[in-house]
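Some notes on the structure that comes next.
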Amino acid sequence: MIKVGIVGGTGYTGVELLRLLARHPNVAVEAITSRSEAGMAVSELYPNLRGHYDDLAFSEPDADRLARCDAVFFATPHGVAHALAGELLDKGTRVIDLSADFRLRDTEEWAHWYGQPHGAPQLLDDAIYGLPEVNREQIRQARLIAVPGCYPTAVQLGLLPLLEAGVIDADRIIADCKSGVTGAGRGAKVPSLLAEASESMKAYGASGHRHLPEIRQGLADAAKGPVGLTFVPHLTPMIRGIHATLYGRLTTDPGDLQALFERRFASEPFVDVMPAGSHPETRSVKGANLCRLAVHRPGDGDTVVVLSVIDNLVKGASGQAVHNLNLMFDLDELAGLDAPAIMP
Amino acid sequence: MIKVGIVGGTGYTGVELLRLLARHPNVAVEAITSRSEAGMAVSELYPNLRGHYDDLAFSEPDADRLARCDAVFFATPHGVAHALAGELLDKGTRVIDLSADFRLRDTEEWAHWYGQPHGAPQLLDDAIYGLPEVNREQIRQARLIAVPGCYPTAVQLGLLPLLEAGVIDADRIIADCKSGVTGAGRGAKVPSLLAEASESMKAYGASGHRHLPEIRQGLADAAKGPVGLTFVPHLTPMIRGIHATLYGRLTTDPGDLQALFERRFASEPFVDVMPAGSHPETRSVKGANLCRLAVHRPGDGDTVVVLSVIDNLVKGASGQAVHNLNLMFDLDELAGLDAPAIMP
Amino acid sequence: MIKVGIVGGTGYTGVELLRLLARHPNVAVEAITSRSEAGMAVSELYPNLRGHYDDLAFSEPDADRLARCDAVFFATPHGVAHALAGELLDKGTRVIDLSADFRLRDTEEWAHWYGQPHGAPQLLDDAIYGLPEVNREQIRQARLIAVPGCYPTAVQLGLLPLLEAGVIDADRIIADCKSGVTGAGRGAKVPSLLAEASESMKAYGASGHRHLPEIRQGLADAAKGPVGLTFVPHLTPMIRGIHATLYGRLTTDPGDLQALFERRFASEPFVDVMPAGSHPETRSVKGANLCRLAVHRPGDGDTVVVLSVIDNLVKGASGQAVHNLNLMFDLDELAGLDAPAIMP
Amino acid sequence: MIKVGIVGGTGYTGVELLRLLARHPNVAVEAITSRSEAGMAVSELYPNLRGHYDDLAFSEPDADRLARCDAVFFATPHGVAHALAGELLDKGTRVIDLSADFRLRDTEEWAHWYGQPHGAPQLLDDAIYGLPEVNREQIRQARLIAVPGCYPTAVQLGLLPLLEAGVIDADRIIADCKSGVTGAGRGAKVPSLLAEASESMKAYGASGHRHLPEIRQGLADAAKGPVGLTFVPHLTPMIRGIHATLYGRLTTDPGDLQALFERRFASEPFVDVMPAGSHPETRSVKGANLCRLAVHRPGDGDTVVVLSVIDNLVKGASGQAVHNLNLMFDLDELAGLDAPAIMP
């Protein structure tokens, strides 16, 4: 069994890791840390886990204990992995970071968006961006993974085929994204209350959002050059799910767009290109490590519309983290990730 | 008192007319028709109306009875107003049609989208498109009003200032719209069930939607020339509300966009330009005849983003219909429409 | 115009008072206080009010300024009205307290449930329990009103006819109540997050809840003797609404239960006894100052089941407070409270 | 592998069977029937299953084909299993019926509640009521299982310890139950629309519901005598989940209620007695085959309150059906049923 630890396990990505790992045939959770809840049984905070992990309680973060794990997940706010990852790596423990700490290669950009200096620039050379559909081979060899953000996963997967094929204007991409409220985390904030967020829809961060530079970096890699991206996220009255609606302008005859997408993801176990004309629903991936895509070309004009849905907590966070783990430890890619989505 | 009738009152726009008119100081509802529910008391179908309209029951449509009204609202599926409006107009009753029957000036386009020939082309010259922010003076004189659709209202109001000022590329407009489920009406359809539509988000009609030609027609009027529009509607898990996120490419220095919007709607009682940097929420207009707008220019680049929210049943349907009535009968524009939105 | 002030206006009962008073023909809001938001425009916190109260901002609580009002509403946590009401009453300003401060006649019981001594026992003789269906005449003369709690309103109205008629065993009453999340207020608490509270149902306070003694006191008055009550509240995934399901054991032939209820509330403008066999929905009173009731006797046995629904923010709080104001100032009882519920 | 068929697979219990069986190590789904959708791929109707069952399509019901299965699930409206079960049993195929066809032992009562004569009285002697916590040994030997209804499962599990111990008055039991909308099935009915059922709460069937006789029968078995039960179901604005709040009057000193419950279910893998003072949430069992219980005795009085939650589609239907299958074929009871609930 591969021994893993989880740092910062009280948030939604933490409990989702536990849910997925409960059924993973090759993984044992050895430690889960939380400063605020140290001493509390995991199943007390998350009663859905009663009957699983009955001996597991949150503990104070302890680098020595964590270093006895084969791998450690960080499900923490930004900055924490900066401080702790180096020590673990030095002791031979691999790190899978679900936070934003190692996603941006440009430390100045990181400092700009997160309002503090980058805390571990010396580790950036080791950090692999954990999007398996792009970096599978590097992930297999990696010791430090930056798991992509939720919006960046949905947007990149939807645009990769078009940018790699060079058929859209990379300078004028629009990503209109809708997220469930778990994207805002488990913090007690008034705008996240059911009384405030349900029965309503709103945009936020229309003038700039922290996921923008991450998406831009990934798209630029695919386009082999800078991209112009307008990204507007919206808060949607549901618990889980991201729906990205992506707009690009065709600059050349793309041929059969459906075939382009199907070819690109033909061997990807966690990307589902739906039949032509489909409109994927976020609920069709609820709880599952999947991105479902559909590509449209309204009126056979020069605008291509891609619809991309994921569960923000699974393919957008914890499931993708487990996928990375499976690759790093040469396990079946589907291990722990083979359950169908729950619907209705 | 102005005597009004409602044809097809069992749907959501019908009950919403009754809710608004219950407090209108100058209007009396004389008749409400429904073939399916003839004989049933209005308050039996809509218990929120118990204590109001206690003597009002649905009746079979009867042109003579309706013609005794000063005005008749059609809250019907398309085709019904085609068949009945002419007779009422001939008898001197004014018609306010909430359906799509008289919205498109091009009868062939109408026939294309609605799958049947236009039933009353001879009335089109009389039909005024009931968007008061554009056609206020004509509405005052009109005898036949085509109340705009919900999406078209939200999209046009958000784009009018930009197109009238000629500052965006009219050929590349994107309208990404999110609607609550009442937009699909009160019909019993599986995709509209709570078990199917809640906790999920999906696009629909990405390759073409009936509101597209209506929006295009209105925008072309504002732009004084044809427009290129990509319109993607989405079903959102909430009862009421439309959030339109509108993207345009600036082709010239627009100056102060905030001022442009504020000027355009300075004297409009039902359009609220929010302060710069705002993100309007659909719940801030729930139950109210209002469009709230915010304009953004991310990164001071050449893309302008407009956020436009309405209650699809009020400013997107029944409230706008009452506003038209107020104008046609020279009443206070706010009569019956002065209640604040309900929040939370 | 009657000049009113609101103390503690940032919570949900505060904004609901503003929403209702915006359309009240005889009332002007002169002041609204909030320590935390002093200086902020009301419409900044509550954008649904933009266009109403545009000159009104939250101010620091100031007894002199409040005392210039004819009446002051307290929409505050418990304890605040204790501290401030006396001074206002001394200066001739009438007080309508929406908190629990003056609801219980027994100060020891108050201290037990609220964990602090009662702060103004000397005012209790003046305090009238503001349930108009019971105390209408006293309310007319009152200078200090204790507006009933939300659960107590729904439960008492549903049980009054049975207890007053003496037809059920007062010793074995069960009130199973379901409330929307606004009942928990606008505080930022994890269990009230959409991500936690939606798609779920749970009981709380099954072993004891602060509304229990208030309900017991009111029922005892009706029964003219002590009552035995089991009260279990539940958190329901909706914004507004309380559904009380009340169970009593018939101890005598009650005759026609439907007639008993209809007679009891025949002249009550805000209680609607629905037809026999009905099942009132909370949405049928959303936004309206109404309690809708239905009475059932399953299998003609000896158990009577009463279904009672209110909007917890209206008939369960702010609407009832306005009703009290109308009575105290000899206004039309329906002033400001005549709008139908919003549905769907 | 055990070969199974599913009759009537288009409803919610059908898709839930497929979801659970997708991960069952010992079961292969050989056939799934639907008259209305014959020919359609399963994953077309239920896109969450894309990637699973890719060769499985709905077929016309065909007794010969179904009889080649080891077991057949009926996920059909009442009456269907009456017509078809006998033939399958004769051919040696075991039947697990999720409908109400074989739940009531009294055929006249069945006819009364379902409005038609019982169609297969000769099979009743073979039918075992599939509540493993009561009938585990008989289920192991059974060839025909009547899977309990959702409400009956939640109510019986919560009351069994009390009735078996004889500590409550069996004549005055109250079951106040709250169900998510999937309890009403996938039929397109107006009251089940999101626009109608969300943001609202209502009781239904207060004067009588089809699950009443089933619950009464099960409770009477536990009490070894007739019981008096008042059962009021409520429609709750959520997709999945039942919350049963159960009230009984203690007739004798019950001793330690918590211990009583823990003892009763000590060896039950799918019943979780939560710690004293708990309030189980329906979301803590979402997607999982679990009943979580908590027992309260408010004010140490003579009323006992039991809180019982299940996922109506899992422990209340398809999961319990799989549990029965596991028992009948001597498999691990947890096979296919070991995944934690999904939360948030």
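Which chain is which? They are A, B, C and D, in the order written, and residues in each are numbered from 1.
Keep in mind that, in the parts below, a residue touches a chain if its C-beta (ideal position, glycine included) is under 8 Å from a C-beta of that chain, and two chains touch if they have at least 3 such contacts.
If you're wondering where the values come from, they're calculated on a predicted model, not measured in any experiment.
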Chain separated most widely from chain A, comparing mean CA positions: C
Winner on C-beta contact pairs when B-D is weighed against A-D: A-D
Computed distance of Cα centres, chain D from chain C, in Å: 39
Inter-chain centre distance, chain A versus chain D - centres from mean C-alpha coordinates, in Å: 36
Separation of mean Cα positions, chain D and chain B [Å, integer]: 45
Two or more partner chains touched - positions in chain C: 12, 182, 195-196, 198-199, 237, 239-240, 280-281, 283, 286, 344
Residues of chain A touching chain C in the complex: 12, 180-182, 186, 188-190, 192-199, 237, 239
Parts of chain D lying in touch with chain A, wherever the complex brings them together: 12, 15, 18-19, 22-23, 46-52, 182, 199, 239-240, 272, 274, 280-281, 283-288, 290, 292, 338-344
In the complex with chain A, residue positions of chain B that touch it: 172, 174, 176, 178, 180, 195-196, 198-204, 206-208, 228, 230-232, 234, 236-241, 243, 245, 247, 249, 277, 279-283, 286, 294, 296-299, 301, 303, 305, 307, 309, 344
